[in-house]
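See below for the structure under consideration.
Chain IDs A, B, C, D, E and F follow the sequence of writing; residue 1 opens each chain.
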Amino acid sequence: MARADGREPLQLRPVHIETNYLMHPEGSVLISVGNTKVICTASIEDKVPPFMRGQGKGWITAEYAMLPRATETRNIRESSKGKVTGRTMEIQRLIGRALRAVVDLEALGERTVWIDCDVIQADGGTRTASITGAFVALSLALQSFSGKKSLSKFPITDYLAATSVGILEGGQVVLDLNYIEDSKAQVDMNVVMTGSGEFVELQGTGEEATFSYNDLQGLLGAAQEGLMELFEQQKAALGEEIMQKIENRRKK
Amino acid sequence: MARADGREPLQLRPVHIETNYLMHPEGSVLISVGNTKVICTASIEDKVPPFMRGQGKGWITAEYAMLPRATETRNIRESSKGKVTGRTMEIQRLIGRALRAVVDLEALGERTVWIDCDVIQADGGTRTASITGAFVALSLALQSFSGKKSLSKFPITDYLAATSVGILEGGQVVLDLNYIEDSKAQVDMNVVMTGSGEFVELQGTGEEATFSYNDLQGLLGAAQEGLMELFEQQKAALGEEIMQKIENRRKK
Amino acid sequence: MARADGREPLQLRPVHIETNYLMHPEGSVLISVGNTKVICTASIEDKVPPFMRGQGKGWITAEYAMLPRATETRNIRESSKGKVTGRTMEIQRLIGRALRAVVDLEALGERTVWIDCDVIQADGGTRTASITGAFVALSLALQSFSGKKSLSKFPITDYLAATSVGILEGGQVVLDLNYIEDSKAQVDMNVVMTGSGEFVELQGTGEEATFSYNDLQGLLGAAQEGLMELFEQQKAALGEEIMQKIENRRKK
Amino acid sequence: MARADGREPLQLRPVHIETNYLMHPEGSVLISVGNTKVICTASIEDKVPPFMRGQGKGWITAEYAMLPRATETRNIRESSKGKVTGRTMEIQRLIGRALRAVVDLEALGERTVWIDCDVIQADGGTRTASITGAFVALSLALQSFSGKKSLSKFPITDYLAATSVGILEGGQVVLDLNYIEDSKAQVDMNVVMTGSGEFVELQGTGEEATFSYNDLQGLLGAAQEGLMELFEQQKAALGEEIMQKIENRRKK
Amino acid sequence: MARADGREPLQLRPVHIETNYLMHPEGSVLISVGNTKVICTASIEDKVPPFMRGQGKGWITAEYAMLPRATETRNIRESSKGKVTGRTMEIQRLIGRALRAVVDLEALGERTVWIDCDVIQADGGTRTASITGAFVALSLALQSFSGKKSLSKFPITDYLAATSVGILEGGQVVLDLNYIEDSKAQVDMNVVMTGSGEFVELQGTGEEATFSYNDLQGLLGAAQEGLMELFEQQKAALGEEIMQKIENRRKK
Amino acid sequence: MARADGREPLQLRPVHIETNYLMHPEGSVLISVGNTKVICTASIEDKVPPFMRGQGKGWITAEYAMLPRATETRNIRESSKGKVTGRTMEIQRLIGRALRAVVDLEALGERTVWIDCDVIQADGGTRTASITGAFVALSLALQSFSGKKSLSKFPITDYLAATSVGILEGGQVVLDLNYIEDSKAQVDMNVVMTGSGEFVELQGTGEEATFSYNDLQGLLGAAQEGLMELFEQQKAALGEEIMQKIENRRKK
């Protein structure tokens, strides 16, 4: 059975990654996954947060937000509310943690990379699109930076992408859920994986439902298919020179 | 003497207005004025704030924000700071007040239009670009809305645009300052005007400097030239049908 | 190889669940898992949050906090900071979501159960101990409540417990990590499961590391062993009458 | 046509400036403009904000507030609300900016002058009364300070005062609007001017109305008349010695 | 031994109470106790806070603040800090509680009186001057209010005043400490008393010191002397008509 | 007449002090006074707050909180509200001030002791139980600390305990009010006293009532009886060695 938008169960939505989307940041992309659009930027700061000082290592931290009308109905800005919601905090902690898994923080030196993911338009999968896009922005920033200041090694040690998988009401396992599918799914799982096929994060939730070990196997298989395609998109966006640098680090 | 970017003193930067930029809002544009880029959306809500209830009139309110890397160096998000800066408050009050001058709030009925101006990339003139773009987003939203619910009259009563003028260090009056010019100008003035050439807001500031009555006349003349061109851009973006509706209201 | 505290790799720490620990709440326990001690209470309120009104269904929401000296060094109170950290928000969202998976919200009626998990002493695994203890406090509260007001059915549909598993630096898979182990583990996974062996939540993280499909299988096996033992502890704490009510709901 | 309170269109309300109103501040005044009463103080601190350090220059910053019952109905305190309103921020930014236009920040040295304007009783024109009074408090503070520590030059380079002008519903241009007039005016303009007749700030607003170039000329003429009278009041309050010092700086 | 300012140990500073100091509030005074000056206002609102609704009784609540330069060195505004300090909260709770002891809340009806005490200049004893002044402002407000709406009885049942007493370093008991004395005193006690000589509040503190039962007796005797004089000042400020109304309530 | 719970008017509720209740803090107790239960911890930090630096003296600061369900109905967490209530601030200021009266801050050296009082279950008298328990936790922490780092002298100079006394509706003076008694009492007084019988704090309040000098004498007599018993409980909890150290300091 085809899905509401005509896709096959294990088919990703169209993915586009526009690099160097903004003039100021060291690295930036506009990533679209179907109708979900996120501006991801990477900014390099020449110091680390207090708890990291003096260790000779860098840090990656992430912030995530949505424009008020990224969604069907307008959301109150978090700046107006004066606080960040739990959902936002959860997502930005996830993005930072995931990226740190493929960065050699010692090679980065005592620097912080600030990742900003701002969702311009939301149609499901904003956190996974953010991770996939942020990886590209981060790679571009480090490439541009390594042209100016000498780094001992290129700090990116592998590719990193994320996607969502889920089980629809009838039991169908699907890849890359849009908003309508996501809000009706029984089980929802986000998978973050390296280019070598290792897991970085696995977050499966059965909101008001549960899932079996068999279900889990089906979900992980679907995720892997989508992720392989996302790695190809990232490589195309990054280009030969950066790809070569990442390959060099993977071998070690 | 030509300017740093080669423009004549009274020449605007290139202006582009991309309408219906986002899928969810009732009205949306991406406006570029040179390198300054702002996403403006208009969202219609079927109620008014408490202080307006029961008066049979609508309300227009605006919010303004910048992406953290819209600027040369990264700004801390206002949601992380937990409060909105004075500059932001000043700008969003200005945008709302300006738009209300060309909206017949009674024709709008007891509804609120939320204007959101999110600066994606900043190179001077973000508040005036926001007003110019927000006017288009608002008009599109009301047009789309009047297709669904009958309004007694089209609520927009005139065009509205804004630009900046200033006096550079040598005394040269210039139109539409970019960031470098703005940060060095002796006098900086924002002018908001209707399509009929009436002033809506005039905010002139000599930060650590002053200006004479003669200076003021020069500045207002320059502003008027730029504004005439911006009205043409708005008309082109809005199209025949909406133009006709606005013309009908202007006559009365 | 035995662990630092002499446990076998797949051995839980000693678990004690003291029921009705406090005089005021409808349900309360003091749960100890090794040196980790959490007071869990369940409070029933006769209304639901605004987004749930008029649906004839109830809601479960959770809050989590630590005493300032629950930990080795004193933490600043979140009330003094004036905001709740991302970690706290993530945990309280997890606790609420997990419990809702085994509660028939319609049988609860338009009521909210507030779960409070206050960590008195922390030595790793505070979020999983909170879930395991909160399930018992919730069951006690609903039992006490159903003695006063008639509920159509007992709202608890299955047991629910949580534990952590991880991979230590040498590659050893271990169950129920204490703080020292947790802070050194390469991979850390929290598993929330029903009494029927279905997954409710699966959160695996390789902070600055990754894990393979094989690793995942080892981790899930370890978790399952620990969870079976935790369900026995919960049954002993709840007693015959409540066990009977839960069994009745599981059959359907 | 005379105004509600019997004044001529271009007549100021009675102005009184009581100097050294408080015992602790370096400079203080109680200014009354009709029923509007503001306590203005100037406090000198021996350091500058971080963004100004090491430039050998000083800074002037202002804060503005109202007592809760300065107005007809009681306002909630901003300290109770936990945040400062947009209106307050706009006013305090204006006061600081205006004063800096007549202060030689290098002659001030690396010091900050904190201006506090606290409205005791409000009847329109509180921001312009604040500027007019704050100029006197600032001059007194610098005079007292220059008696203790040697400043290379007296830092005040010119007089500074502010007033409001507006257009009433029938089209009448009036000077120094009280609260009733202000709330009904079609156009409201605040003008900040130096003793030499140069503009420092010009803020004209047609809330739900607009104004022409001709209107603007009428408004500016009215403002100038009122400002000339305010400069005389300031001179009388400051006394011979300070007047002499300011005159010396104006000549250069 | 006479005190630093030449007073006898049991001598109050000069007290002045200027009634109807502001035009908008229902009741207002400017009270000076030596150099300590406080504006006290009373505002009547026609509703009570939620926890009081439907009981047919009124409420008195108080807020207290200082101008930033009421003190020797400038204090940061609580509105800028975004929160109210513990000291402020303690004082405003004390003022409200004290006044409620001499108000017949049923005679007030379902209304709230907001008391605002704003310290213009501080030289010790600001909280006791606030209570003494607030009592007068409250009486004036209720007198003015009872002229407009009929109250069953005048709600003030007795006079109320407050003063401070302390023990200086050498052991001398003194009345009405100024700031210098207060900051060096070993023991500091605030006494709030009714016109009938009954205690309403007694707060004695030996910060880094202690005091005996004998000390306590000396302090209470001193306080009583000062309070008798303050009641005379209040009566003079309130005038015959209000005095008569209060006397009528005291008899019952 | 015996009290609701059968106690004599001047009878304390049963008191238990469990020392070293938690594993991490330098000093900790669980104190129960009847059904009121408070965890008190003392944490030593090797620095003082900014305003104390360089004086060669230490500081004691206290924080107080309640679990949400310590009370009959659930309270919103102060961390969720984002601010601390006035009542909490008042109590934590009281606890810190009281403890500092029996600590030789010079003997402590430039260190801060953080006292945390977390009410697990509340039934009246939580602030006085907090002080009584915190004194024991503080003594334990300093004893443990003086075993590690040499202090010139043991910093505790006397015992310190607190209790409440009140006057019930019929005029009966009672000791150690529980929640029901407290909420109905006409007069409520908290007394903090040293082991030598000197007052440290005296806070008497007649909320919507007053009390005479005679009443005060009766209240203070009752308080003294209870406090003598509390000192015995503290001595038993602290043990011979610490008692000896405190006795040595009292002699001087």
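Everything that follows uses one rule, which is that contacts are C-beta pairs under 8 Å (C-beta built on N, C-alpha and C of every residue); 3 or more make two chains touch, one makes a residue touch a chain.
Note that the structure is predicted; figures quoted are calculated from it, not measured.
> Could you run down the chains that neighbour chain A and chain F together?
C
> Pick from A-B, A-C or B-D: which pair repeats the contacts of C-F, with over half of them the same residue pairs?
Duplicate interface of C-F: A-B.
> Rounded to the nearest whole Å, what is the centre-to-centre distance of chain E and chain F, using the mean of the C-alpha atoms as each centre?
The mean C-alpha positions of chain E and chain F differ by 29 Å.
> Distance-wise, how many Å sit between the C-alpha centres of chain D and chain E, to the nearest whole number?
Spacing between the chain centres: roughly 34 Å.
> Chain D to chain F: how many Å between their CA centres?
52
> Quick check on chain C: which residues sit in contact with 2+ other chains?
Where chain C meets two or more other chains at a single residue, that happens at 82-83.
> Should the ring be read from chain A with chain C in second place, what is the ordered list of chains?
Here the ring order, chain A leading and chain C following, is A, C, F, E, D, B.
> Sort out for me which residues of chain C touch chain F in the complex.
Spelled out, the residues of chain C in touch with chain F are 22-25, 28, 35, 39, 41, 43, 45, 63, 65, 67-72, 74, 77-84, 88, 114, 116, 118, 120-121, 123.
> Along chain F, where are the residues that touch chain E in the complex?
83, 85-87, 89-90, 92-93, 97, 100-101, 105, 189, 194, 196-213, 215-216, 220
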